[in-house]
Amino acid sequence: MKFEREQLIRFSHCDPAGIVFFPQYFVLFNGLVEDWFDDALALGYARVVVGQRIGLPTVALNCEFLRPSHMGERVQLGLAVHRLGRSSITLDLVCHHDGQERVRMRQVLVTTALDEGHATPIPDSIRAAIERFGIAGGSDAAQRLRGERA
Amino acid sequence: MKFEREQLIRFSHCDPAGIVFFPQYFVLFNGLVEDWFDDALALGYARVVVGQRIGLPTVALNCEFLRPSHMGERVQLGLAVHRLGRSSITLDLVCHHDGQERVRMRQVLVTTALDEGHATPIPDSIRAAIERFGIAGGSDAAQRLRGERA
Amino acid sequence: MKFEREQLIRFSHCDPAGIVFFPQYFVLFNGLVEDWFDDALALGYARVVVGQRIGLPTVALNCEFLRPSHMGERVQLGLAVHRLGRSSITLDLVCHHDGQERVRMRQVLVTTALDEGHATPIPDSIRAAIERFGIAGGSDAAQRLRGERA
Amino acid sequence: MKFEREQLIRFSHCDPAGIVFFPQYFVLFNGLVEDWFDDALALGYARVVVGQRIGLPTVALNCEFLRPSHMGERVQLGLAVHRLGRSSITLDLVCHHDGQERVRMRQVLVTTALDEGHATPIPDSIRAAIERFGIAGGSDAAQRLRGERA
């Protein structure tokens, strides 16, 4: 139920203080979501965006930066699915290094029809792949019973 | 009690969907904080970072992306101070266009001694300038009476 | 025959050495080209790209980085047109500060039909506006007499 | 005599035309130089920059963008050493895909003492590692005989 990748902290990620400039974490987590689509969900991120014309813009995020990351470190990026709504995917993302948490984020993505520019229900192929991967916050059905929606 | 700047949405801010790639908002808001230090607080952002060796890393943020921004739009970026802690500055940031809210964020910065790499109390010159600018969430003294800290 | 803009060097432009990370210069010069289209050519960069579906990808560049730029400096960015081909625009770009040259670049852009993805002759409206602005390397007619093309 | 890496073209590398925004190539090539230091030269890029306080700023580059790269493609990035001067390293960099060249660049880096901010002779450990790797343009001794310097 967790997708993990190692990520080298590069010169280009770092600011004049020698640590990761925080907007770069969002670029790195965006890359993790792409790899998750490619390697864990086997959907092909580019096929979804370019082929199916489905975008995944972020509509909300909540983030804590607990400790800085430095150039040359090989950090671990992790992703779990917190919940699946009608058109929203809520992810829990984490960056850690040697057992130490660096960043913790909850991010809500919404499947969007790129040509119309508005939210669209999660396509069945994506929903099925994510359900196979596993949803930490419980199944969609269970969530609906509890009255959660997006 | 509010600092505002117009910002042109440029080609380099936009993603393959033709809208602002969300990490770019954090870069733009970072620029707004610099302009606030330069123009409203008259502290000189570079003088604080390079001269006083005080950094302002982000420790938490909470953000909603309500509507997309497009290349060529001139959006308004706004900043207000929500509260001032011992070493934390909590900002309310907003991006709007034609009365329509695009992004709303609360961000917590912490004054940090760059050479030691840990939080340090907000220097008096910065605290005084921010108090003169105005704190939406009430004065520091009032906050302390209510038991808030950072 | 020269378009100039002041540019503040921001925290986000700088690397762990505290100086501009060189790819950021290309982002800044790209912004200068946008401002030139908006303010000097009065064409509207976004109108050209989004409205006319004409892109301006870079096909060649030649660049020297003479001295570093530091956070907090207000540098001058300058642009002149070296020559105008059938579908290419060759620009001379410069970044300087206090009479000191920092970066010098020659860049070739090609007008491209975004929907077909290949070069297209410079639209008449763009050619006329650039000719009114002025071409340092001489008129297009003179260049053609000398046998130059693109 | 050549160092190669596969690189996935990600969403964050692409512009509103759906192709790599050219400054991103320089970020990718910068990453290739880091990997070359880490994996081929076994010097540790972060150790050189952070430990030895030796920076590698770019002083010149010459670049052709032959064909666009698209999101989802796995391109090949390649690096060869063209020549080694007293304090300069001239690299030939290429991006290709399926036998098709996309980008071709010659880039000159200069070893720099970060604390003094000026060029310094290439440290012996770096020179020896690069000579072991191989220099396409001939050995430093041969170059010196021919009177080349940097």
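Order of writing sets the labels: A, B, C and D. Residues in every chain begin at 1.
The definition used in the following text is that a contact is a pair of C-beta atoms (placed from the backbone, for glycine too) under 8 Å apart; a residue touches a chain by one contact, two chains touch by 3 or more.
Note that this is a predicted model, so its numbers are computed, not measured.
Visitor: Mind checking the rotation angle between the two copies, chain A and chain B? C-alpha superposition, nearest 5 degrees is fine.
Guide: Between chain A and chain B, the superposition angle is 180 degrees.
Visitor: Looking at A-C and B-C, which one has the bigger number of contacting C-beta pairs?
Guide: Here the pair linked by more C-beta pairs in contact is B-C.
Visitor: For the interface formed by A-D, which of the candidate pairs C-D, A-B or B-C is equivalent, sharing more than half of the contact pairs by residue number?
Guide: Comparing residue numbers across C-D, A-B or B-C, the repeat of A-D turns out to be B-C.
Visitor: How would you label the chain B and chain D contact, same or different, if same means the shared numbers make up over half of all numbers there?
Guide: Result for this pair: same.
Visitor: Express in whole angstrom the distance between the two chain centres, defined as the mean CA positions of chain A and chain B.
Guide: Whole-Å distance between the two chain centres: 25.
Visitor: Could you grab the centroid distance between chain A and chain C? Build each centroid from C-alpha atoms only and quote it in angstrom.
Guide: Between these chains, centre-to-centre, one finds 36 Å.
Visitor: Quick one: report the Å distance separating chain B from chain C, using the average Cα coordinate of each chain.
Guide: From the centre of chain B to the centre of chain C is 31 Å.
Visitor: Residue numbers in chain B touching 2 or more other chains?
Guide: Residue numbers touching two or more other chains: 11-12, 16-18, 23, 27, 30, 49-50, 71.
Visitor: In the complex formed with chain A, which residues of chain B make contact?
Guide: Interface residues on chain B, with respect to chain A: 16-17, 19, 22-24, 26-27, 30, 49-50, 55, 57-66, 68, 114, 117.
Visitor: Can you list the residues on chain B that touch chain C in the complex?
Guide: Those in contact with chain C are residues 8, 10-12, 18, 27, 30-31, 34, 44-47, 49-50, 70-72.
Visitor: Chain D touches which residues of chain B in the complex?
Guide: Spelled out, the residues of chain B in touch with chain D are 11-12, 14-18, 21, 23, 71.
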